[in-house]
Amino acid sequence: MVADVANPSDEASADGARILVVNPNTSTEMTERIAETADRAAGPQTEIITDCPDRGPESLESFYEYHLATGGLLETVAEYQGDVDGVVVGCFGDPGLYPLKEVLNVPVVGVAEASMGIATVLGHRFSILVALKRAVPMMENLVRQYGLNQRLATVEATGLSVLDLERDPEQTLVELTAAGERATDSGAEVFVLGCSGMSGYEEELANRLGAPVIDPIANAVVTAEMVHRQGLTQNKTGLWGTPPTKEIRGDLLGDSFASE
Amino acid sequence: MVADVANPSDEASADGARILVVNPNTSTEMTERIAETADRAAGPQTEIITDCPDRGPESLESFYEYHLATGGLLETVAEYQGDVDGVVVGCFGDPGLYPLKEVLNVPVVGVAEASMGIATVLGHRFSILVALKRAVPMMENLVRQYGLNQRLATVEATGLSVLDLERDPEQTLVELTAAGERATDSGAEVFVLGCSGMSGYEEELANRLGAPVIDPIANAVVTAEMVHRQGLTQNKTGLWGTPPTKEIRGDLLGDSFASE
Amino acid sequence: MVADVANPSDEASADGARILVVNPNTSTEMTERIAETADRAAGPQTEIITDCPDRGPESLESFYEYHLATGGLLETVAEYQGDVDGVVVGCFGDPGLYPLKEVLNVPVVGVAEASMGIATVLGHRFSILVALKRAVPMMENLVRQYGLNQRLATVEATGLSVLDLERDPEQTLVELTAAGERATDSGAEVFVLGCSGMSGYEEELANRLGAPVIDPIANAVVTAEMVHRQGLTQNKTGLWGTPPTKEIRGDLLGDSFASE
Amino acid sequence: MVADVANPSDEASADGARILVVNPNTSTEMTERIAETADRAAGPQTEIITDCPDRGPESLESFYEYHLATGGLLETVAEYQGDVDGVVVGCFGDPGLYPLKEVLNVPVVGVAEASMGIATVLGHRFSILVALKRAVPMMENLVRQYGLNQRLATVEATGLSVLDLERDPEQTLVELTAAGERATDSGAEVFVLGCSGMSGYEEELANRLGAPVIDPIANAVVTAEMVHRQGLTQNKTGLWGTPPTKEIRGDLLGDSFASE
Amino acid sequence: MVADVANPSDEASADGARILVVNPNTSTEMTERIAETADRAAGPQTEIITDCPDRGPESLESFYEYHLATGGLLETVAEYQGDVDGVVVGCFGDPGLYPLKEVLNVPVVGVAEASMGIATVLGHRFSILVALKRAVPMMENLVRQYGLNQRLATVEATGLSVLDLERDPEQTLVELTAAGERATDSGAEVFVLGCSGMSGYEEELANRLGAPVIDPIANAVVTAEMVHRQGLTQNKTGLWGTPPTKEIRGDLLGDSFASE
Amino acid sequence: MVADVANPSDEASADGARILVVNPNTSTEMTERIAETADRAAGPQTEIITDCPDRGPESLESFYEYHLATGGLLETVAEYQGDVDGVVVGCFGDPGLYPLKEVLNVPVVGVAEASMGIATVLGHRFSILVALKRAVPMMENLVRQYGLNQRLATVEATGLSVLDLERDPEQTLVELTAAGERATDSGAEVFVLGCSGMSGYEEELANRLGAPVIDPIANAVVTAEMVHRQGLTQNKTGLWGTPPTKEIRGDLLGDSFASE
């Protein structure tokens, strides 16, 4: 796929960072919106490349689809291996994040993990706003896996599908605000947009709720820059240690890193 | 792949359960050992089918390999869809477990989750014995995701690779016992063999440690039977709800359930 | 008391397990219902013996009554000592469970602990449905003691007394369904019948809620079989180590194991 | 049994509190030592009554013995019902505590629960020093049940039996100090003597460790006074609600409160 | 400031304790009410001194005001250094508590920490009743810092300001009762008055709620007595170790202990 | 005090951020070192101002000193109020952080909170390396307050005082490496330099440990930039809501924000 590239200047590649933002689903509309958000968020010295796989589901709403998407995600990232200074996985459930953290030697940042990290600096407890009810236990499971449940207020479903989110902006804002107010009643002080389709609503929603609203794509891009600028990378000998070299049978999608 | 089938009697299929035990890696030696363990553990009315994918890694020691294995795992399970009453995922990290719980309407049991469930009945705190140090944070991460860390003593590495485990049984017992004794000093009362290559050592290790030792394959097989016998299945509308039907681009490994 | 015995065949005692299911209260009606449930749940090779004490409270709704019941429970179990392969304590608060785990060398399974162990395999979070409000903190206390609160959604009271549960099945179903729906709103995906008087409603309630409903008696019986089949027993040197031999003054109810 | 009574003055009964301290085991030597400690700890307006059951185990080191002791404990307390303003259960595992909290309308204080409550005021994390290793998981289980594990450093076994504790005071101090130093290395700042046989060593141990050492008997006595002086009692409608009146079959030890 | 002194008898200073109760805000009305409560709660041998700073905020409702108050609090306490046997910090957020625990060698007790310690003895879960919503996350933060969140039901705001609390006693009772009933529905069994302005309502509120209600000032006074009587003090080498001597630039409010 | 100012260009103030980094102690040497670190970490569009109070302790090793420092810290920050886009509190215990978050309407970032937020992206569990043993419980208390203890491995003391840290760089590295290796054995994968005096060792220590090492000053500076660039600020109505306006008696250090 022809990737979107922002700030492709020489200076950027000289002093700054080249950050690859991968949308793990195959929706080009979504990828474009992610590219816009990422470009806006990036610093002037940062070159943003946004791409998505050619194959896989159009949207990701289950662990099964996370798996289906991960092969294409790995392939897409493999094309840029060695050419980028950091990778952002642009879907809120952080699909494929741990495999990527293992196979790459540059920082890999999940939009969910990064938004939780910064949320702890912005308020007592955070709430994740998601599209459909189906996502509530998935996000609770993720927060518990990340060990951050003591700072979670609730995961709130808007009741809007990803498609709905795009169709009627005003209705979307109404539902996001209602979900945010329910979360506020449960003690939420920071809101995380738990679906890439919600990108762009953060400012108006923040106004309506009178509280900080995190756009996970924007936040993960600046987190990747910030980790890169400090010369940091995920630990490569522990939870995300480089996978051992071994025989792999068959011609696998997503085995692009196997020969490393 | 030609699967191993035990107890293929008519009675079994009439009154009992047909349980598919899938080894997610491609090692046929490992698959055979798993088949032996599963057959021995199964009740007389249970028919055990053991199989493994044709493609994927020979052993699974990282999240990356978990992903590489999951495509073949899903394909393998898809061949038996509708013909079995339950599925056991036979690798301790429970790779591919959540996708399978979503796409199937019969009980899907992970060997790790089931061993933790029964460990709480057998002692105050449990310890997972793993091959190499690399697996320690992976298992700690899994226990935390499952919310069972309050009953965990430690994850202990034997320092033996999967290959070592097979080469020298006496040395393996010596190292397993040493790891078990370290865990005992940390308060472990129940031991879980955290690697399929350790299957078969449970009895002798239990004698040496004077404590219950769980073989996760055996335990998951009987757990699947037991869930089936009670007419239970994982909830299909929450964390593991059936994935929505949607367009999938490309010819994906592991998309065998997409058309459900 | 003349115990109920199911499957008293020679084969059963030869290859299978003899499981004693003790109802710790003195209600023979409840004991009969438990016997029916246990017999239905047991495998063909398993012999089920159901019994209850001659003295003690008719139903158990407080820690005080748990104590009053434990003497008779221990006496009843003592009569079968050496003759059974496993014991199930058939009251949801697991009264007398830890003493029994200490004094016996065969697996002792509490219906509450076993139902929580399997609930983690069936859904993200579970809810315990209890009779009266009085039981809510008792069960919360139990779940916290067992270290499983991260997987608990709520404990929900139906508002029906044990007597009510028996009187009007349709009203009982209505109340159980209402409690289950409240729990669903709090994120419950698996339901545990937290009172033996609810036995028999699991199937219809599962239909109404569209979710797995665990009958703790049935589940504990198959858990005991499964532990026995694997040759496992609770650790006998730690939390439930065999009590030391010492002088006991007086002629105590429930001291039947003292001379071991 | 003829109880030990301190400060039996009229003033005491007029303005002060009558506190019953029950040693749940049948050792009169232990009961006398507890009486000395309790008398020393009590305020001038407090009348202390110390007593122990006529039947039951001489010392309590298992859940089984906790049960055997509870009948006599309840009987003993029943003799004083209506005549005392508060009850202290004088064995560190708090045997019989919850039944007593239910059946009495005056404050009932367990020596373990009270020592943990005050330990949080005296240091960051506390350690419980116990006699034999057997008690370590029992106390960890208790701390988890009480929900105070975030303030626990470790439970440390001295390796001395209750008998040893009495035989050689200097050796006892050496072992207590060694256990305390191990606990200090694990972050303990407050020490709780987890066995009534350790009573009397608190001062010298505090000097050697340079840290506060809590004698649970003394502390529970003053806690009971303090709760009484504030006119407080445990909630009687929740976890420790008054047991319902119902038919009890047989002539039970420990059913003295059944007719309330 | 001229402090209120109760029980200034020789006997008191001979055998009993001199407890300094400091109100960290500058409201003399509040200080007088605290003095009344403290005097009523103290034992006959205890001398109570109540005082407050000359400068600082009139009431404390934010961390900023906690800081502004702490200088005066330290100065006030410094005046009594060496003359008192214990110090109570009389504002529910425990402002300045940790600095005071460090600089003093006598027991320093915070009203919040002490009320949580005793609440665990009185019921399954406690609730803190606060004035305005603003205080809810502050108290949740405090409970989490103290590691007692497993015993917390909720923090409930009455919606009444400190001023409102004083103006209309009957309306205050109505709102406190309503907040207490909401907390009861969330599982609270013990209630803690989370604002000194609520002092005096505990008895009537306890009647209305049918549950124990803790007045934190009264409770902290008896806790300080009780710690003193046992010869205990907070650990002085760990979390609250004596601050090192070092150069301090400038003439600081609150540096009164710097030369120790 | 004459503050250190880096990048004071017009462009910076036009498009970028002005970040105030306050060293809460009065050591100018330390402030200079912090300035160097902050300048190196800042992006080209960011103007860094570093300052410290004129009065207060030279170093901060206790809660008492945290208080003594906070007045000067608030005064120092007040001088820049309205002129900066974000504030970093440059001492690892985050003294004065919550008051500053309340009184300012721009992002206030603590070096400890920010380093924990990013540590979760870089490895499974983190360890904080501190100077003296005294700091261990202080940091454990902080991590628990922040609700991040599930991702903490250990807090490790190097045994070096702040002065030692400056005197002998090679010895410092040896001790830091030794502490890091002990932490690695306890499962640490990410290391946080828990003392500003350790700044500058991160690169060499990272080489020796083969793991990411976070310099909290550098990391907090980029975190503040990143929060500012996203237009985010801490929630101003919850835990860190703007303090109410009220009468303050006396002329207080640190009351500079009172008239807001």
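Should a chain be cited, it is by its letter among A, B, C, D, E and F, assigned in written order, with residues numbered from 1 in that chain.
Criterion: contacts are C-beta pairs under 8 Å (C-beta built on N, C-alpha and C of every residue); 3 or more make two chains touch, one makes a residue touch a chain.
Everything quoted here is computed from the prediction, not taken from an experiment.
Chains that touch both chain A and chain C are the following: B, E. The fewest steps needed to get from chain B to chain E, moving only between touching chains, is 2. When you average the Cα atoms of each chain and compare centres, the chain farthest from chain F turns out to be C. One finds 45 Å separating the Cα centroids of chain C and chain E.
Chain A and chain D have Cα centroids separated by 54 Å.
Counting partner chains per residue, chain D has residues 124, 137, 141, 144, 147, 150, 187, 189, 237-240 touching two or more of them.
Taken as a graph of touching chains, this assembly has some other topology, since it is neither a line, a ring, a star nor fully connected. Counting only pairs that meet the touch rule, the chains in contact are A-B, A-C, A-E, A-F, B-C, B-D, B-F, C-D, C-E, D-E, D-F, E-F. Taken together, the chain B residues at the contact with chain F in this complex read 136-137, 140-141, 144, 149.
By the touch criterion given at the top, residues 26, 54-59, 61-68, 70-72, 74, 96, 98-99, 101-103, 134, 137-138, 141, 144-145, 147, 237-241, 243-244, 246-255, 257-258 of chain F touch chain E in their complex. Remark: chain C residues 15, 41, 43-45, 107, 109-110, 113-114, 116-118, 120-124, 146-148, 150-151, 187, 189-190, 203, 210-212, 214-215, 218-219, 222-223, 225-227, 229-235, 237-240 touch chain B in the complex. Put simply, chain B touches chain D in their complex at residues 124-125, 150, 187, 189.
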